[in-house]
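Take a look at these structures.
In what comes next, subunit A is part of two complexes: it sits with subunit B in the first one and with subunit C in the second one.
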Partner chain A sequence: MKPLLAGFGRELLDSLARVGSLNVMFYRTLRALFPPRYDREELFRQLHRIGVRSLPIVVLTALLVGVIMVLQSMTYVRKTGATGFVGAGAGLAVLSELGPSLIGLMFSGRVGANAAAELGNMVISEQVEALRALAIDPIRFLVAPRFIAIVTSLVLLTVVGDLCGLVGGAMACHWLLDIDWRTYLAGLMEVDLLDDFVVGLCKAAAFGGVISTVSSNYGLTVTGGAQGVGRAVNGCVVTTALGIFIADYVITWVWFQI
Partner chain B sequence: MRGEGIGEPVVSVRGLVHRIGGRPILKDVSLDLYPGEVVGLIGPGGSGKTQLIRCLVTLTWPARGDLKLFGRPVGLLRRRRLRECRTRIGLQFQNFALFDYLDVWNNVAFPLLHARGMRPDEADLLVRSALERVGLSGSEAKLPSELSGGMRRRVAIARVMAAAPEIAVFDDPVAGLDPVNSAKIMALLRDYASTSGSLVLVATHDLDRLLPITSRVVAVFGGRVAYDGPTSALMTGAPDEVRRFVAAALSGEADPDLDDPPARSGRSSPGDAAAAVLGKSGGVS
Partner chain C sequence: MALLITIGQMLSLSLWALVRMRLGGREMLRQVYETGNRSLLFVGITMAFIGMIGVYELASTMEAVLPEYSTLGAATLQGLTREMGPIMAGLLLATRVGTGMAAEIGSMQVSDQVDAMKLSSVDPVELLVLPRLFATSVASLGLAAVGTTIAFFSGMCVAWLGFSILPDTFMSLRFVVTADLVMGICKALVFGFTVPLVSCACGFLATGGSEGVGRATTRAVVLSSFIVIVEDALITYIGEVLS
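Entry: the complex of A and B
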């Protein structure tokens, strides 16, 4: 019993230490953003790597989300004949919830894990120490450009993803449910989706902040060589997913309060 | 020990104690290092050389002791002043620490562009000249992954030299280099010190090549400074353990008391080898 409790206590303390360290990383990143003196070349490199290269996977994910949402509603639509609600249902789900969340999770797997591994590798090969030795703040040089690139890319990719999700829904309606795409579009127009679109973008920005902070924190605190990098990537993926769900819950809750 | 350099010490350490995980790595280290000196930092593996270097360049904060850089106590410096101090120091890391995603030119130019704020066209001449000195002209566009270990080491050395720091620290600069390039690099460090007036601190196990270019040797054994004096007096004034280490290193024979014997150099008699190498030494200051 005692070792079990000790193990639990150790895990709890480690988790609390990690939460504290994530908060410090977030604070230091925000501080490094102002005044904007980060390396522009590094920023453009990250924007291209993170944003442009994630486009295909985001488009595919969003199209499938739209299709799946329509397929999920198929049984009820056929039973009730409420074909006019398909567009509204798919639009609400894609814009406010599933679009940002699934794109965020996909993005965290691709970009967050990559950033943690890259930074971890820089730590174990002393590249981060070399920056410090050259009087260059690693947070300002490495983390701040990634933060901007991840948040900007995720917001823009969510806009693209929303559009693709809705197109995917229309395609599924047309080819799988035999519902005219104009009926789908009319259903979409019937409800005011602007609010859901905006809340979806707020979520995307928050998820971007979570992905950047968690991946940078895990990457820059790597210890123990290549094994340590593996552990950091693993921890980063799990913590980012958890962070995305927590941020999703908080934003949704706040949204319903106002 | 007062070095042969001129002026006030650029590095001054008193009673430095450093621990890792509670284990003492450096014990009561005191040193003064002067501009224009070429100082050899020697000692068996795990004796604390790299940790001493890390403390001197402010990458690690010691548990106790006073460190002054350029006459200023580092512990009292504000962040901005500390950054200024660091821009005046160059460190060649034991594991190169080259930026994977940058080509050779950008790696060498990195301190000039990002720490000194130079424009690329201003840095170009310095970068090309440093690369030429280490024999890597024409490799500007290559990535570190396309270079051999020895070439990467020379890029790391060029990165330090291009920035012309007032304190240049080289941690194992010739490990893995062939004899011709080792000799060239050591000669380069000696010339660099004599022309720039900078302090050059070199840590290596290759005493055969180190001793002829140094004016002074600091031997670290078990985290303590066992010898700090002129290179010429190493075999007469140093304690027995240092003399045995140096003799074994120069002859290529493993000293049974040392846990990390230096590389063999092919010499036969420890005493003869030491005399031959120390006969060549004289320093540059």
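Entry: the complex of A and C
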């Protein structure tokens, strides 16, 4: 009984400490954004590496999500006969929920894990210490450009991804289900899509903040060689996934209260 | 390309082991504990949030298309069993377990422990990968089942408190047929088999110090999550054709 309680207590204290240091990291990143004095070249390099290079995986994911949602809403349509649901159900789900969250998850694997590994290697090879010795704030120099690049690219990639998801749904209707894609489009146009699109983009921005904060925090707190980097990346993606769904729930809930 | 070759080798070895019924014995049971039990809290919490989000979203869609909620519970349960439960559990498995395996095997590879195994004529695939493969398949099934149940009950709370739908009305098995259950189980098993396959292959291909481990881990999480989504679309389509 005693080791069980001790293990539980240690886990609880560790996770509370992690939540605290994540909040400190978020606050310090926001502080570093104003006044805007960061390296412009570094920012553009990060935007290219993070945004442009993630485009293929985001497009493919979004297309498949559209296909999956159309196939799933079809089972509901068969049971109730509400044909409008093919377009509306799939479209709303992609725009407001699955588009942002699944693109966010893929993006966290592609970019968040990468940033954690990169920063972790800098810590291990004492490059971060070197920056501090030169009186350069690592948060301002390394984290702030990544924060801006991650939030901007995730929002823009979600816009592209939403479109691809809707196209994927139309393709699934046409080729896989032999339904006229105009039925799908008509169902889609019946409902008000703008609200869901906007809430989807709000979610994407929040997920970007989560991904950037968590990955910088795990990256800058790496200890102990190659194994430490592996553990940091693992912890980073796990915490990001949890954070994404908690943020998602909070935004959905707030949206329903308005 | 090297990745495909490694995956192919592992796949053939593991199928051969499955034919001979040599699944790894005690090591496999230990891995079931490692992957299943250690991921339970993470999967449980995340699936609870997913269930609540899902009910909000489904309710808003139903409000827009057919302004009544009577089928909300039945549709939630059907969607969770067939689609959302397995795919979300699979993605969470890829993040939690896949990265862990890639990091572990990757750091063994860069510190030459894998080569040391080969020198002592121990097959690293048989020793490291096979127990993980079968263990994760078992654990994935359990995690998907537990996760789906948690998601359904958290969704029920939201429907009760947010939309005043009584649990009696919400808890309806009207839409779920055997085919949905079979599809959910197939998905969970397939995800549980491919996530460790891809992640271990990424770990074995790690080269060069701590940077290499970081790259291998990143690659593992991206590839295994993407493969989960692709397989989900494929299995859903196959189910669509068969029915």
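A few remarks follow.
Everything below uses one rule, namely that the second predicted complex is superposed on the first by the 253 of 258 C-alpha atoms of A that agree within 3 Å, B and C clash if a C-alpha of one lies under 4 Å from a C-alpha of the other, contacts with A are read in each partner's own complex, and residues count from 1 in each chain.
Operating definition for what follows: a residue touches a chain if its C-beta (ideal position, glycine included) is under 8 Å from a C-beta of that chain, and two chains touch if they have at least 3 such contacts.
Note that the structure is predicted; figures quoted are calculated from it, not measured.
In this overlay on subunit A, subunit B fits alongside subunit C without clashing.
Residue contacts after overlaying the shared chain place A:102 against subunit C, while subunit B stays out of touching range. In the superposition on chain A, no contact is made by A:194 with either subunit B or subunit C. Measured by the number of subunit A residues touched, the leading partner among subunit B and subunit C is C.
Of the two partner chains placed by superposition, A:5 touches none, neither subunit B nor subunit C.
In the superposed model, A:177 makes contact with subunit C only, not with subunit B. After overlaying the two complexes on the shared chain, residue contacts for A:74 are found with subunit C alone; subunit B is out of touch.
By the document's definition of touching, of the two partners only subunit B reaches A:134; subunit C does not. Smallest inter-chain Cα distance, subunit B versus subunit C, after superposition on the shared chain: 10 Å. Where the contact sets of subunit A with subunit B and with subunit C meet, they give residues 121. Only residues 42, 45-46, 49-50, 52-54, 56-57, 60-61, 64-66, 71, 75, 78-79, 82-83, 87, 91-92, 94-96, 99-100, 102-104, 106-107, 110-111, 162, 175, 180, 209-215, 217-218, 221-222, 225-226, 229-230, 232-233, 236-237, 240 of subunit C touch subunit A when the two sit together in their complex. Those residues of subunit A whose C-beta lies close enough to touch subunit C in the complex are 57, 60-61, 64-65, 67-68, 71-72, 74-76, 79-80, 82, 84-85, 88-89, 92-93, 96-97, 102, 105-106, 109-110, 113-114, 116-118, 120-121, 124, 176-177, 187, 190-192, 225-231, 233-234, 237-238, 240-242, 245-246, 248-249, 252-253, 256. Looking at the complex, you find that subunit B touches subunit A at residues 57, 59, 82-87, 89, 91, 93, 95-101, 110-111, 114-115.
Note for the complex: subunit A touches subunit B at residues 39, 45, 121-122, 125-127, 129-130, 132-136, 141.
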